[in-house]
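Order of writing sets the chain letters: A, B, C and D. Residues in each chain are counted from 1.
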Amino acid sequence: MVDGVETDTAVTPGYSERKEDYARRMRRIEGQVRGIARMVEEEKYCIDVLTQVSAVTKALQAVALGLLDEHMAHCVVDAARAGGPEAEEKLAEVSAAVGRLVRS
Amino acid sequence: MVDGVETDTAVTPGYSERKEDYARRMRRIEGQVRGIARMVEEEKYCIDVLTQVSAVTKALQAVALGLLDEHMAHCVVDAARAGGPEAEEKLAEVSAAVGRLVRS
Amino acid sequence: MVDGVETDTAVTPGYSERKEDYARRMRRIEGQVRGIARMVEEEKYCIDVLTQVSAVTKALQAVALGLLDEHMAHCVVDAARAGGPEAEEKLAEVSAAVGRLVRS
Amino acid sequence: MVDGVETDTAVTPGYSERKEDYARRMRRIEGQVRGIARMVEEEKYCIDVLTQVSAVTKALQAVALGLLDEHMAHCVVDAARAGGPEAEEKLAEVSAAVGRLVRS
C-alpha cells in the first residue's frame, strides 16, 4: 500500500472493477452515520433517529449483498472450477458470511 | 444548545440523560464505516469486508434497540398516562419503528 | 381449558378481541410449513424451497408485529398507567421481545 | 410423484442425501407452529407467544442456511464448472435467494 502505487496483490478481489462504486456507497453511508451522531447530540426526536438507523442498515445490507454477488461470481466460481480443498474453503467462507448477514 | 444551558425544548427526548453515550457509540460506528470504505478502496478481501459490515449492522441494531427502550420508558409511558389521541399516536409511531427495525 | 369453557383467566391478553384472526393466520402458516416439509420430501428444487421459507418467515414476522402492537396498546399502556414495578417489568419484557424479533 | 415411486427427476436437488434430515426439521417446525396457533387460541400471554415465534423464525433460518449451503456445494459448483449461461443463471438465483433471506 506504499503511496497507493502498489495495490496489486496476488488475489484481486471480485469487486475490483466496481471498487469505486462500492467505496462511494460506503462514504455516503459514513456521512449518514455522522448525520445520526449529530442528530443524537442535538437530541432529535428518537423516532426520527430510528428511521435513519433503519435506512443506514438497509443501505449496508444492499452493499453487502452486492459484494457477495461479486464474490460468488468471481472467487467462488473460480475456486469451483479449480476444485479441491480451496473450493471447499471458499464455500465454507461464503456460507459463514451469508449466515452472519442473515442473522445481523 | 448554548452552553448546554438551554437544552430545554418543548419535548426533551427520552434518551436525553444518556445522550453522550449514544453519540459516542454512533461516532465509533462512523469510524467503523470509514474503515470499511478504506478496505474497499484498498481492495481488501471481500469476505473480510462482509464481516465488518455485519459487525456494523449489529452495532447499529444495538443502538437502535437502546434508543427504542428509552423512548418507550419515557415518551410512550408519558403519553400512555396522559391518554387520548397522543397516546394512540405514540403507539403507532413505535409500532412503525419496530416494524422497520425488524424488516431491516 | 376444560372443553374450552373456562378460558377466562385473571389476565386477558391484549389480542383477545382479534384472537380468531391471529389463530387463523397461524393455522395458515402451519399449512405453509407442512407444504415446505412435503416439498423437501419430494426433493423439490432448493431455490423454490427457500422462496417458501422466506415467505413463511415474513408471515410469522407480520403476526409477531401485530401481536406486539396489541400487547403495547393494552398491557403496556395499562401497566404504564398503573406505574410502579409492574410498569418497569412490562417495559423490560417488551424490550427483550423486540430484541429477539430484530435479531431473529 | 405417484406412490412416491417415481421421485427421480432429471435434476436431483443438492440436499438429496440429507433430505430426511431437512424434512424432519420442517416437521418439527410445523409442530411448533401448531403449538403457537394453540397458544393463541388459549389466549396465552402475548410475550410467551412472541418468544415462540422468534424460536420458530430462528429454526426456519437455520434450515434455509443449510439448504443454501447444499445448493451452493452442488448445483452452483456444478454449474460453475459447466460454465455458460446456466452458471450465470444459477448465480443470479442464489443471489436473489440470499437477498430474500437477508431481508426476511
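Everything below uses one rule, namely that a contact is a pair of C-beta atoms (placed from the backbone, for glycine too) under 8 Å apart; a residue touches a chain by one contact, two chains touch by 3 or more.
Note that the structure is a prediction, hence the values are computed from the model and not measured.
Chain pairs B-C and C-D differ in how many C-beta pairs they share in contact, with the greater number at C-D. Of all residue numbers seen at the chain A-chain B contact, over half occur in both copies; the interface is built from largely matching residues.
Centre-to-centre spacing of chain B and chain C amounts to 25 Å, using the average Cα coordinate of each chain. Separating the CA-averaged centres of chain C and chain D is a span of 21 Å.
Multi-chain contact residues of chain B (touching two or more other chains): 61, 64, 68, 94, 101, 103. Interface residues of chain A facing chain D in the complex, by the touch rule stated above, are 61, 64-65, 68-69, 72-73, 76-77, 80-81, 83, 87, 91, 94-95, 98-99, 101-103.
On the side of chain C, the complex with chain D involves touching residues 1, 7, 9, 11-16, 19, 22-23, 26-27, 29-30, 33-34, 36-37, 40-47, 49-51, 53-58, 60-61, 63-64, 67-68, 70-71, 75, 93-94, 97, 100-101, 104.
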